[in-house]
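Presented sequentially are two complexes of subunit A, the first with subunit B as partner and the second with subunit C.
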Partner chain A sequence: MKMKRNILVTAALGVAFLYSGLLANAQDFAPWPVPDEAAAVENPVALTKESLQAGKSLFDLQCKACHGESGKGDGLIKSANLTTPEFLAQTDGAIHYKIYHGRGVMPGFSTLPDEQLWDVINYVRSLSMVRDSADLKDATISLYFNDAEGQRELTAKVEETNAEGEVVPVAGMKVNFAVQTHFVLGQLPVVPADHYTNENGMVTVVFNDTLIGDGEGMLQVVASIQDMEYKPAQVTEAVGWGVPNPQDYWTERRALWKNNDYVPIWLLISFTGSALAIWLTIVYVALLVRKIKLEGDRYENDVNT
Partner chain B sequence: MSTPVTTSTLPQAPTFEQVREDLIRPLHKNTFANKLWIRFLIVIIILGAIAYSHQLIKGLGVTDMRDYSAWGVYIANFVFWVAVSLIGSLISSILKLLHQNWSNPLSRIAEMIALGAITMAAASIVIDMGRPDRLQNVVLHGRLQSPILWDFFVVNTYLVISIILLYLPLIPDIAILRDRMTDSPPWQRKLYKALSLGWHGTQEQWRLLRRSMIVMIILILPVAFSIHTVTSWLFAVNSRTGWHSTIFGPYFIAGAFVAGSAAVIIAMYVFRKRHKLQQYITDRHFNMMNKLLVLTMLLYLYFNINEYLVPGYTWQRLDGEHLRELFLGHQAPLFWLTQILGLVAPIVLLLFRRMRKPLPSLIISIFVLLGAWMKRMLIVIPTQFHPEFPIQNVPKHFLEYIPTYTEYVISAATLAGAMLIITLLVRVFPVVPIWEEAHDRGINKIFKAEKTSNIHENEA
Partner chain C sequence: MKDQQHNPTNDSRRNFLKQAALLGAGVVAGAGVLTSCSNHLASSGEKTKLLTATGELVEVDPSQIKRVRKEKLTELQERGREGLTGHHWTWVIDLAKCKNARKCMDDCVGAHELKPYQSHINVLQMQDSKSGAPYYMPTPCFHCDNPPCTKVCPVNATFKRSDGIVLIDNLRCIGCRFCIAACPYSARRFQWFEPDYTEEQKNRVYDVELNVPQKKGTITKCLMSADRLRIGKLPYCVSACPNGVYWFGDKLEDTVTNGTTHETVKFSELIRDNAGYTYFEDLGTKPQVYYLPPKNRTSPYVPVDKFQEKYEEKRG
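Showing the complex of A and B:
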């Protein structure tokens, strides 16, 4: 199954790659005319932190795969660079028109609520704003587990140290909750909707307790922030809230498809056993042949003396 | 002992000296025809070496092996050579253990063919490798779970066993040659002296030789069965239509005995004619060998019916595509020619006594052997065009496999190589075992080479 899926994924990526190459050569982004009345539409959504965060969520979901994390068009498929002066010279209305209608491999997003498209436009514009990481503020995040009344809850608290040296809560900060997966650096989001800290810098979410943990049901829960004003921060805590998974890991078992260190015992014994038996017999015969030679020498000696 | 015992009931029965001289006479003179033949084989091998160096420099791209058909004529050759090599075990081991003494004069021919064939089987694998300089990695990094490693082990083991099994019964004969072939060039005399191991036919030497031979005759059986079963597993353990079959082991072994028997009959005919051995390789031997060939072919036919009827009856998706290609598609002419001319027609023809005479059986055996090679092609190649997952974005010509000239020349060179090995062996060693022949005729039970006979009497 895994093999099949890998082949399919590889094939799909391969096709996408070839296709992208073809398209890039074929058109290399011909001018995309926008009707004047569309270009004249004004962005009704103000450039706020909430709008940027919502825009980022949507960008990560719909745009990042092709346009790349930084919007430079360096994703899986060759696509427009969203940070060039030419791109930024367009009106918000013109960008909205393009997102709404799409062209070629760029799909149209007419089914999404208009407000979300404006959020994305705000976010895309923010991508080209240069921000020195020294300008970013430090925030700390901590994670608490509440297991009361049969309801399991995660609480994250975000705090910062203000100019006076006091630790104060950060309100309105989006917190992502995830669990560490078995794959390196893999994180599985465990709370689907966006959650923001309250005025106490706290956010509490209900934990989905159907997640499968390790052999003892242990999960590594990660709470993290990624914000435009603050440096990224995250905290990882272990909790035994997962469904125990006592199943042996195939990676630690002997099997036919494994490397030599994990040869099945039956195979090891039967192969080396028969190989040894055959070669010992050959050696035995070789010794007999040597005896024939010794007997011949002895006989010739007898004859000569 | 110096006066051979003659059987009075058979008038003009040959004496031991006559048998001995008849059998070593061909070794005395290197005929012009033989020289020409050896040079011809060497020319083909040189052409093969040139083609191979071309392949080595340019890579396997000079073959027609591509994404679909990653195994081509080289692997078919490998399976063919392994198959032919199994005859050594059939005649030298199975028939001997069954006390089928009629086959004794043929055992050395079979062992020489086995040695030539298994050498070329090993060579075919190396030829098929794009990077033969990495051959040692099979040993260094091979996975014990992989049939390729088993195959590597068993092919090499069988090669060693084939050499030993050819050598052991040769020792008393080499002692005779050492004593009789005094007019041969120095290198040849040195060879005989070294290889005869100081054989003087003492009781102890006979005891040791008999024991080693019986051990080897028994040992070769499981190894011979393993080598071809493992070769079949190289295919059968893949989940591929046409390969993934539980009967592949016995199917291959039955097919191997067919190919090997045919090869022995051809060799019998050639050596009988060339070495004037009509008295030793008689019509009776042809008759019996052909009966053996029919027996193995009937067994092979039975496995063929199993192999094709069962998937043909259910006609599953890929099996159906594969079988349609074989039965009705563009493999069909080759498939039916192979099955009819290489299997069914020989069985029917060889049921008639007249067809089991030397010349008709030579012609039939050539067809059987050609059919055996074609069959290996039909087993190895068509399956690969019906994978579980279609390979995407490949040029259209990847969808068929037609061996290139390079592949044909190299293949021809392996054939020439096997024949050269046999020719050179026959050049220095008698093709019919002298002592066994004498023993079977009752001329000498345990004889001694002349030189030492009087000493033996003194001892007694």
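Showing the complex of A and C:
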């Protein structure tokens, strides 16, 4: 009985060990001392809308998975809450030191440009300000295609309804252009650089990439906005600018299911035929040997009599 | 000389003819019984021997025999056999990012209702040579384009779909484990024990794309979360990773999406720029899971025995 318990305890420990992995360890949440000279460094990047937007894109890419969309530490693994008063009491220099060096589960981002780290710090500080989605403004986005003179262009127009009920264009809005893949979350960016709307609320980008569409070469182009002051909005339009998808990857369907279900007739006939021929030859040779034996017996009889 | 004393040739011919006549009569009689079965003739007083599903030999009146049609496959089983058209799924695993968090394994175990040690994806501690740098390597099924496992299956229970996924139908599986022996990557698991199910859970309709409910005495393996792909979602393990290890996508569309950051890039460019490779490709299996070499790591490698130390520290 005791032995059984021991085994159980060992098994439980083993499982716990397997799962401990690099997950939340006590050490990862212990106080994190920062050298005074590092904490004294001041943030060289001013708190502007551009800085916040750049910070947001980097945060979404590198930090969101663990710290969560709202920065409360509710991502895929248990991590530090970036909205507590204790966290915000730190200087920008101290936060920069921690992001740069990392500790335990938190990776160090020393390879990223310093300016981007300061952008993220600006953005992280803005996370604790409660933003009610009702406070955000509504904007509509529309997408147009232009295929003139061998140049393919995408044009997006962003508009909003102002207090007087008039539809007015939104200037200086960042618009992302992408192509929708099979996965809801998978949007392949069409143009890498940032594009902002002009005073007419319009932004035009050149689209000269060769992308693979569906069977007819149709691409699902998505134009979307993500702004601190506006609700996220997007528009999806289909356009035949892609290369047709080959659809059937399998030149030889024999690789699918079991091979003998897809065996070609010529192979079946030639294989069976040659196997048959070999057996017939063996039988023929055996008959000849028997004939030799009978001849020999007859010769012996003749000699004896 | 001896042969001429009592003519055996003629005897055997007569015997042969006798037997042939008997056999012919038997065939005719058998066919008669069978036709009478299907036509529901009136009771003739004769009994027919039948083997029941439980292995008992019973005698029944031929008039009582009713032919039943083979049960149709359920929708969940049928759709699992056909791949999604216009797709060829592919997977890129960035070894530089893996920190052995084992979130993928947890989610796999949860989704496929497995015991913890049966996870379809396993994270291995690797070191290519004594002087080489160690790294962690998640190993799912590689969904080979030339799979050795499907070819050895005697009952066609495991198969490759047209969208590239190698699946297992555990209603057909007889548990011979030939496929385990054939797979060079140890990607398949055998259900040695009864899963911890209630009666209700056990009687659910079998979903071949999820391999649930699991069944004792059958094979279970990585399915690329075929049920999730159908609804445009990334596989369970891919979306559970906190470190951005997994890129999942479509070779025909030439795009892959990161499960953590949802960044989407061109598959061919990712493989070209990072020198992606497949595992044991010299075996001719054409694996569909690619690895990116463990270079430019953002955090230092922590060996597995360090986890043990940390765990003991935590216990005090």
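Definition applied: the second predicted complex is superposed on the first by the 214 of 305 C-alpha atoms of A that agree within 3 Å, B and C clash if a C-alpha of one lies under 4 Å from a C-alpha of the other, contacts with A are read in each partner's own complex, and residues count from 1 in each chain.
Here is the rule we use: a contact is a pair of C-beta atoms (placed from the backbone, for glycine too) under 8 Å apart; a residue touches a chain by one contact, two chains touch by 3 or more.
All values reported here derive from a predicted model rather than from experimental measurement.
Of the two partner chains placed by superposition, A:161 touches none, neither subunit B nor subunit C. In the superposition on chain A, A:107 makes contact with subunit C only, while subunit B stays out of contact range. Using the contact criterion defined above for the overlaid structures, shared-chain residue A:212 touches subunit C, although it does not reach subunit B. Judged by the touch definition given at the top, the superposed model places A:200 against neither subunit B nor subunit C. Of the two partner chains, subunit C is the only one that A:182 touches; subunit B does not reach it. Of the two partner chains, subunit C is the only one that A:77 touches; subunit B does not reach it.
The partner of subunit A that touches more of its residues, comparing subunit B with subunit C, is C. Where the contact sets of subunit A with subunit B and with subunit C meet, they give residues 15, 18, 256-259. The residues of subunit B lying in touch with subunit A in their complex are 141-145, 150, 153, 157, 160-161, 164, 168, 171, 196-200, 202, 204-205, 208-209, 211-212, 215-216, 219, 222-223, 226, 389, 392-393, 452, 455. Contact residues on subunit C toward subunit A in their complex (touch as defined above): 85-88, 99-103, 106, 116, 145-147, 150-151, 153, 156, 159-162, 164, 229, 232-234, 240-244, 248-255, 257, 260-266, 296, 298-299, 302, 307-308, 310-311, 313-314.
Residues 4, 7, 11, 14-15, 18, 256-260, 263-264, 267-268, 271, 274-275, 278-279, 281-282, 284-286, 288-289, 291-293, 295-297, 299-300, 302-303 of subunit A touch subunit B in their complex. The part of subunit A that touches subunit C in the complex is made up of residues 15-23, 25-27, 60-62, 64-66, 75-77, 102, 105, 107-109, 111, 178, 181-189, 211-212, 214-215, 245-250, 255-259, 261.
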